[in-house]
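Note that chain A is present in both complexes that follow, paired respectively with chain B and with chain C.
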Partner chain A sequence: MAENILVVGGGPAGLNAAVMLSELGVNVTLVERDSFIGGNPKKFKYKFLFPDMQPADNVIGELIKKTESGGNIKVYYSSEVSDFKENGKKFDATIKSAGGSETKTFDSVIVATGFEHFDPARDAKYSYQLFDDVIDIKDLERMMGENNFVRPSNGQPPKNVAFILCVGSRDRHIGNQYCSRVCCTISVKQAIELKEHFPDCEVYIFYMDIRTYGFFEDLYWQAMEEHDVQIVKGRIAEITSGPNNTVVCKGEDTLLRGPFEIPFDMVVLASGMEGGPQSPEISSKLGIELDEHGFLKPENITLSPFKSNKAGIFLAGACTGPKAISDSITEGAAAAMNAYTYAVKNR
Partner chain B sequence: MEYDENGVSIVPSGFKREIFEEARKDFRYEEYVRGCLNCGVCTGGCPPHRFFDFSPRIVLQNMKSKDPELIWTMMDEYIWACFQCFTCAMICPFLNSPGGIIAVLREIAVRRGFESAKKVLKPYSRVLLKLTAYGNQLSPDMIQPDFFPDWGPHIGYAATDLAAKRKAIPMPTLQVTNLSWDVAPEAMKELYDIFDEAGVFKIIEAVDPSLYEIIQDIVDDVRSS
Partner chain C sequence: MALKKQEQRPVAEKGEHIIARHLIEDDSIKEEKNLVIDGVDVSGRWNTFILSRVDSEFDRSFFREIKDTVVGSRINRCWQCGMCTASCTVTPLYRRFNPRAFIYMMQLGNLKELKKYIDVAWRCVGCYKCSQRCPKQVNPAEMMEALGLLIKKYFPEEVQSKLKVDEDVKKIYDDMILGHGRLDLAKLHTSAMQKTGRTKELLGKIERDAIFKMAKDGRAFSILRLGKPHNWNSSKEAMGNYLKNLNTIESSEA
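And then the complex of A and B:
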């Protein structure tokens, strides 16, 4: 008899876990809160992925296709786990969707509930939602995905653009002390895309530290050497309106120029990643631990980052902390392997 | 006091260390000085930074260096450029408070009667005198162009016909110009007790000994009334 495994969340991690389990012959139940699968990359229409600028569709589209064509994956759209109980070494979960509620017994569970983009409006100094030309990286990603590179306020090509790093990250005031890991690389990637589209546009990146870790460093060097992106050390203290429909970034260039107030046609905020409301929700529903950053807590962050503190419940993807899509996909596979082993052992 | 070849007084390094240790022992130090990434958001948002060579980031970095020499360089002018608006503390991602640590350093300068403190506090002697004599901080007759240049070009007009202007205020006033409101002797005595406990009189004595004498006479009068 085939194993039954529950996967909660249909983003890169959850989809890859579901696909791998289905290839092992497992009956997979995939619970997805949205009316579509693909997670945040699909929801916010990510266009190109770093570091190699491959179309996101190569990755996300591929996973969706495999999930939909894999015969033994049952996807519940717009659904949630409404009730959850341990049943010996197995789990009884009730899945609530538009089609009603259904209770099934599962051999193991993979939680891949992902992250939320930080809402920059929560940090008033950036004037997000106050000025049309202040957007964030997810907005720009969507705009560029729709082949729209112009200023939101007037539809004109921008003459200069500022990227501001660490928005919603590494800041005790907004409650997120951690680094969101990918925003530096995404910003550098988007800066290059902008320069490729408008070679005459001046692009600035304001940073505290540039964390294009590992091979992502290549993109950072490329941005400087091939695209003449200006990289300035200094956090922006305030964004105000400027002359000729510009937005003024005020800050201190802590290495070179000292104080500055520069008017920009467009400002892009590199908003970070958060555990979102889904993390505490699934934590209390399944009885698994939440960490101090608002993400789900692995049993051992180094030895078993894909295991929850509860035997039989596994974690994958950005629900345990900010990470790149490639890492989420790796963790989806790792969690699938572990969930399968647990299910077979307790057959 | 030692002097160098240019006639500038040499402050012994032991004394500079003492000043730093005094700041570090302050109960607020740990709360005000935390990690720092040199992001400059404090200085970017700092109002005096637009007008002076003053940077709250440098203040914090100097404190973090634990180098008494660097901290000493700020005691003379640097710490007095701060408006104490605490914008820096409001936006620092680490919750540092450069404004707060400046307050700590200023208090040391005042307690020890440093020349810089005397110079900066000179204009406040009028306010202190008014406060101890009448329990009022400011009264209409203190509005004089010489004392409030920062009030802008209309201060001259504001200082004229004070009695008439006071009558025009549509609520009960004392109809005098040397007081804003009447303070009961009991309240004054309480104020002196607070000044005693908080060490305010000691500070006045250190910064302005002649003002201290005048104030002591007033305090004795009120206390014995």
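And then the complex of A and C:
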């Protein structure tokens, strides 16, 4: 008899876990909150992925295709786990969807509920939603995905653009002390894409640190050396409206020691990642631990980053903290392996 | 004969003959106007000595001293992002007033550098815009108080000689003290904003939020209810006289 494994969340992590389990012959049940699978990359129409600028479809489209064609995966769209109980070493879960409620017994569970983008409107100083030309990286990602790079306020190409790093991350006031890990790399990637699209546009990045860790550093060098992207050291304290339909960034050039107020056609906020409302929800529903940053907590962050504190429930992807797609996919595979082993042992 | 020649020589400015003189600070040039060594006259340019411009130590004792004060206890948190300076009410008026840079100098115990800013270091108006934005909650507004205390302790003479009062700011202070009997930080802040032409910002979301918050938690009203200090009229007269005398002394010194 084949094992039954539940995967919650259909982003890169959850999809890869599902695909790998199905290849092992497991009956996979995939519960996805949205009406589509593919997670945040699909929702915000990522077009090209860092680090190598390959089309997102190569990755996300591929995973979706495998999920939908793999005969062993049953996907529940627009659904949720409405009830969850332990049953010896197994788990009874009720899945609620438009088609009604179904209760099944699972040998093990993988949680891959991912992240939410920080909402920059929560930090008033950036005037997000106040000015049309202040957008954030997920908005720009979506705009680029729709081939629409222009200024939201008037549909014109921007003459100069400012990226502001660490929005909603590394800030005690906002309550997020951690670094969101990907926003630096996304910013340099988008800066390159902007310059490729509008070679005459000047692009500036306001930074405190640029954390394009590992090989992501290549993109950062490329942005400066091949596209003349200029970096300026200082965090922005305020965005106000300027002359001729511009937005003014007020900051300090900490290297030159002095304040500046510079008008831009467009400002892009590098907003970070959050555990979102789904992390505490799933934590209390499944009885697994939440960490102090609002993400799900692995049993041992170094030894077993893909295990929850509860035997038989495994974690994968951005639900345990900010990370890139490759890491999420790796964790999906690791969680699949562990969930399978647990299921076989307790057969 | 030799002596006569020396008398005729035009008196040179200190370090005048140094190429790219403007790159070297006055304090770093040592030069004796009249110096004779072993009977050889080495006056002026013949004994010029330029002190090393390379810093050779970080003085952490100083950092610890600041950290032990109530107002400076969070100095170890600052990571030099510049949000305080960027939001400061005073910096646009006095570009040399830079809370971030001052905190850095305090962290490294760089008194030599701090000394150059004695004339502006005390100019914080206490608006707390910096503390409201600082991502590390260093409370830079209070760090500026720590700075004031420190400068007073380490450079008492310079404080006496270099602190020049800005007439406009002084008038705002004087009017406030004589008018209300106490400093009104909100008013100080408003005046400084007006002076820098930032009246529009006063109606911005952040300022509005602060006002609502103060109205809601009662701080705004408790300030109004405070009224004037006890026995105000006689005090006011005494203070008025004091300020008048001070003004006469200052103008005769100028």
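The rule is simple: the second predicted complex is superposed on the first by the 346 of 347 C-alpha atoms of A that agree within 3 Å, B and C clash if a C-alpha of one lies under 4 Å from a C-alpha of the other, contacts with A are read in each partner's own complex, and residues count from 1 in each chain.
In this section, contacts are C-beta pairs under 8 Å (C-beta built on N, C-alpha and C of every residue); 3 or more make two chains touch, one makes a residue touch a chain.
From a predicted model like this one, the values you see are computed outputs, not experimental measurements.
On the superposed chain A, the two partners chain B and chain C do not both fit; they clash. In the superposition on chain A, A:125 makes contact with both chain B and chain C. In the overlay built on the shared chain, the residue A:25 is in contact with neither chain B nor chain C. Once chain A of one complex is fitted onto chain A of the other, the partner contacts of A:257 are limited to chain C, with no touch recorded for chain B. When the two structures are aligned on the shared chain, A:172 is found in touch with chain B and with chain C. When the two complexes are overlaid on their common chain A, residue A:240 makes contact with chain C while staying clear of chain B.
Among chain B and chain C, the chain that touches a larger number of residues in chain A is C.
When the two structures are aligned on the shared chain, A:277 is found in touch with neither chain B nor chain C. Among 96-104, 168-176 or 204-212, the region of chain B with C-alpha atoms clashing against chain C is 96-104. In the superposition on chain A, chain A positions 125, 166, 170-173, 208, 233-238, 250-254, 259 are in contact with chain B in one complex as well as with chain C in the other. Listing the residues of chain B that touch chain A in their complex gives 37-45, 49-50, 55, 57, 87, 90-95. By the touch criterion given at the top, residues 124-125, 130, 166, 170-174, 208, 233-238, 240, 250-254, 257-259 of chain A touch chain C in their complex. Chain C meets chain A in the complex at residues 79-88, 91-92, 95, 98, 100-101, 132-137, 200-201, 204-206, 209. Contact residues on chain A toward chain B in their complex (touch as defined above): 125, 166, 170-173, 208-209, 233-238, 250-254, 259.
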